[in-house]
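This structure is in structure tokens; I'll ask about it shortly.
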Amino acid sequence: MLRFLAFSLRRAWQGFWRNALMSLAATATMTLMLVLLAGFWILQAGLLAGLEFVEQKVEVVADLRDDAPAAEIDALRRRLLAEPGVRSVDYVSKEEALARFRERLAAQGEEDLTRYLDENPLRASLEVKLADPRVAGEITDRLRNERIVESVIDIENLVDRVLTVTNILRMAGAVVLVVVGLIVLFIVVNTIRLAVLARADEIEIMRLVGASDAFIRWPFVFEGAFVGLLGSLVTLGLLGLAAEPIGRFLFDFFRILPLQLGSLARDVAIVVLAAGLGLGTVGSWISVRTYLLR
Amino acid sequence: MLRFLAFSLRRAWQGFWRNALMSLAATATMTLMLVLLAGFWILQAGLLAGLEFVEQKVEVVADLRDDAPAAEIDALRRRLLAEPGVRSVDYVSKEEALARFRERLAAQGEEDLTRYLDENPLRASLEVKLADPRVAGEITDRLRNERIVESVIDIENLVDRVLTVTNILRMAGAVVLVVVGLIVLFIVVNTIRLAVLARADEIEIMRLVGASDAFIRWPFVFEGAFVGLLGSLVTLGLLGLAAEPIGRFLFDFFRILPLQLGSLARDVAIVVLAAGLGLGTVGSWISVRTYLLR
Amino acid sequence: MTMTISPGSGVRSLKDRLLGRPLPLPGEPRAVVRLHDVTKTYPNGRTALRDVDLAIPEGDFVFLVGPSGAGKSTLIKLLIRDELPSHGSVFVDGLDVARLPRREVPKLRRRIGIVFQDFKLLPRKTVRENVAFALEVTGTPGRRIRPAVDRVLALVGLTNQADQLPSQLSGGEQQRTAIARALVHDPRLIIADEPTGNLDPLIAWEIIQLLLRINELGVTVLMATHNAEVVTALRRRVVALEEGRIVRDEPRGAYHHDD
Amino acid sequence: MTMTISPGSGVRSLKDRLLGRPLPLPGEPRAVVRLHDVTKTYPNGRTALRDVDLAIPEGDFVFLVGPSGAGKSTLIKLLIRDELPSHGSVFVDGLDVARLPRREVPKLRRRIGIVFQDFKLLPRKTVRENVAFALEVTGTPGRRIRPAVDRVLALVGLTNQADQLPSQLSGGEQQRTAIARALVHDPRLIIADEPTGNLDPLIAWEIIQLLLRINELGVTVLMATHNAEVVTALRRRVVALEEGRIVRDEPRGAYHHDD
């Protein structure tokens, strides 16, 4: 068994270098495809994080009567926090509301109209941030029935629109990733098949001198695995070099935090290695099979 | 000459079908790569159109003194219109400004503060829409020196930011397109090279029986062109099937108009055909050359 | 190329056929190769062998002769299961070749040393590697490979060419490489398809001497050849094929000019 | 395999060398093949030919003999510019082979009909297509190809196998396909490397008769062979190589057993 392994590995190594041109061509193809795959994986991860960020922004705002007692407000606040799907509930006083309003106008370059006001027309409010945007409707309804609540801005429409868009984007991202994955699968298997095809004679001769299927198959499979491994490592090397700009891009564009970045890097490394090894191995297995079945 | 052409085409056709497996594999690779290229081309075109749309939104707004005479306003308007880089100049009256402000607040779900106002605090203004956002600074300066202008909102910062972002996106798009183009080039040439490699014997024998280089090269080149053509046609067929959703996506996302869509479709068709034929032809030319040079 | 059916072979095959008995009688020497009523028709309709009956006892040295296209290589391909018979049964060293499960085929081929008419060398391996290859792929321990390979290379006179690629060899050297590979694993049956076609008479004779010596050690040898001189000089058993039929089977035959 | 330098060849090559004259004297028959002081050392350091001088006048029929590895195929490869000489000059049909610009090489090869020792057939083309191929790739009009191919296939006796692939042919049939391809474009010089190695004596003789008949029509024939019987029987010119040197060149030679 050990001898068989040693033999297969040695043969794989020799096979790789004796057809160096072809092997390197296959490796280069593998690398490019893995870069493509990793790129899309990263984009997809960024997209998901970005969408989550957007969804977390969904909040239900209940304006409170000016005469609402602080105790009741606090009680309502605590009841809301106990609801499933609610992430946080913040109390915003009348003064705070006005300050924020001024800030917003300024940020948008609008005229500061508040200076023409005699008194503060804004209401204190409870801002309910949601962990799950789907509960927005329910929370809105419940708040409307509260005595101390003056009005709740109807955001159901908005929530629906956000959810539709994010779901479409999620699906589109997954579809694109699957399509890219299939392209990668096809191209890599195809390249390996062409490389094996060029060595059909070798397989034929091995069969004729009495090599068992295992002795024919495994060197090729290891060679494919080797191509895959090399491709993965080169890909990871390239990604490593590009890690900083990628990280900045993800942070700026999709608001992925450094913490999440670490786990994304780990995921990508795993995906690239698994895809490289898997494709190389399976590709050569399939390619050799054609000859062994005859 | 005609006989040579007929011979080469016949041989190319035979070569394609006699190695059907390999030819179809090459064609499939070609197709996938062209789809990839076309996809990125479309995205890039969409991005460009979208960016242009954003840039056209850049405008310089000059608030006018309440006492500015209509004749002077009109004169200023006409002078501005004559400036290079200015697309249109719109006069917005005080009433219109207030109406628009109300709309904006409503759209953002903000409190309508205007109902607490006694008089209209907003100013009439001239909105200068720019064809070229880079002139924003200059226009702003000129407006500031006008007698009838009360103030000009400083948008230079904003314009700079928009320009930076759009330029980065433009460059990123171009870089991605070039990278994808190189990947496509490499993969296709590589695939064709592997296919030719498997027929090195054939080339060797042709040389030994006294075939001139042209007789060896052209059948392969035509075969490559054939693979490219077939790949292009399949790609265009696929894109044709997907034309409607693509068009809708481009319209919704990048605000590409149906008119622009037509010219984009034409561009894509040309790119796909040129890339397919070019890659197939050049790929086999390069691959065969290796053998002829010896 | 007239049909000369020698009475001896006709009677024997007839008897065999009547008794329908592919296995040897007790007391008869064990037949290493036994074909019973074998017909081979290729998918394109060409019939290369017709009703062939043949038994080669252990230790025999048999020349297989016959004109080009008579079916010699086809018969050999049946023995190593490179082709399957359309009809009839083939036994090699006790294995029912036609009915052998696929995964047992390597076992069969390892018992045989085969010299192919077209050499079948690996173009990217040197002479030494080509010969060693036959041992490696059948799982021989590494340390036993080197000496075995060196020994057969010396035997066929290729020690100096050991590190050349097949494309750097003369035709005769390629053929000797093929012979070395067939001998390297000490097979109990050697099947050689035209092993001297590209050799000059001197080396051809040396190769034949080699096969004879190996045969004397008890190894059975089946050799397809057109080398009339050798066949006639040695007076060994000669099986002659013509248009797919055995037309002559003589224990001490010669090469007739209509073969 | 002793070194027997026949005086005739020694003197002639010496004279040639002293005069440094690769071209024939006026009045001498035109030499179709002329090697002058040729040495060929392969990149791996093996010297396959040493100081070879050889002239073959138009219309000659020459056997090239010698033991395996003597350099016969190498000499032939030099003639068709498959290899370049390390030293010396090679003229074929008036063309200076070693100095021929690359784009002129096809012209040279079209004047020659070559039978390769390893056949070099295209595995994915039928017999007919393989033979037609040599005409097609040299730009012969389509309507002239079919009859020419049918004629040579009949000549070598492959009419029935015309639509088979090489893998479906016997070794001898493959060899005859290679011969047919070499003849199909009516070359003025035929170079055959061991064209009867895989043929039974009968067909071998037929092929030789064919080459003789073609030779009588004025075509020059150079044939490397180990077929002692044929060489000895025909009493044509024999050039013997040994370890890369011409050791014998007799106008009416035989095959000696040390060749």
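Chains here go by letter, A, B, C and D, matching the order in which they are written, and residues are numbered from 1 within each.
The working rule: a residue touches a chain if its C-beta (ideal position, glycine included) is under 8 Å from a C-beta of that chain, and two chains touch if they have at least 3 such contacts.
Treat the numbers as computed from the prediction; the structure is a model and nothing was measured.
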| item | value |
| --- | --- |
| Path length in steps (a step moves to a chain that is touched) from subunit A to subunit D | 2 |
| Chain located farthest away, centre of subunit C as origin (C-alpha) | B |
| Averaged-CA centre spacing for the pair subunit B and subunit A, given as whole angstrom | 26 |
| CA centroid of subunit B to CA centroid of subunit C, Å | 69 |
| Whole-Å separation of chain centres (CA-atom averages), subunit B against subunit D | 63 |
| For subunit C paired with subunit D, centre-to-centre distance based on mean C-alpha positions, whole Å | 31 |
| Residues of subunit C whose C-beta touches two or more other chains | none |
| Interface hub residues of subunit A, defined as touching at least two other chains | none |
| Contact graph of the chains (line, ring, star, complete, other) | ring |
| Chain pairs in mutual contact under the definition given at the outset | A-B, A-C, B-D, C-D |
| Sites on subunit A touched by subunit C in the complex | 3-4, 6-7, 11, 18-19, 201-202, 204-213, 215-216 |
| Subunit A to subunit B touching residues, read off their complex | 21-22, 25, 28-29, 32, 36, 101, 104, 109-111, 113-114, 116-118, 121-122, 153, 155, 183, 186-187, 190-191, 193-195, 197-198 |
| Parts of subunit C lying in touch with subunit D, wherever the complex brings them together | 1, 42, 44, 46, 65-70, 72-73, 117-118, 161, 164, 168, 170-173, 176, 193-194, 197-204, 226, 228-229, 255, 257-259 |
| Subunit A-facing residues of subunit C, complex | 80, 82, 103, 105-110, 112, 114, 116, 120-125, 133-134, 136-139, 141-142, 181 |
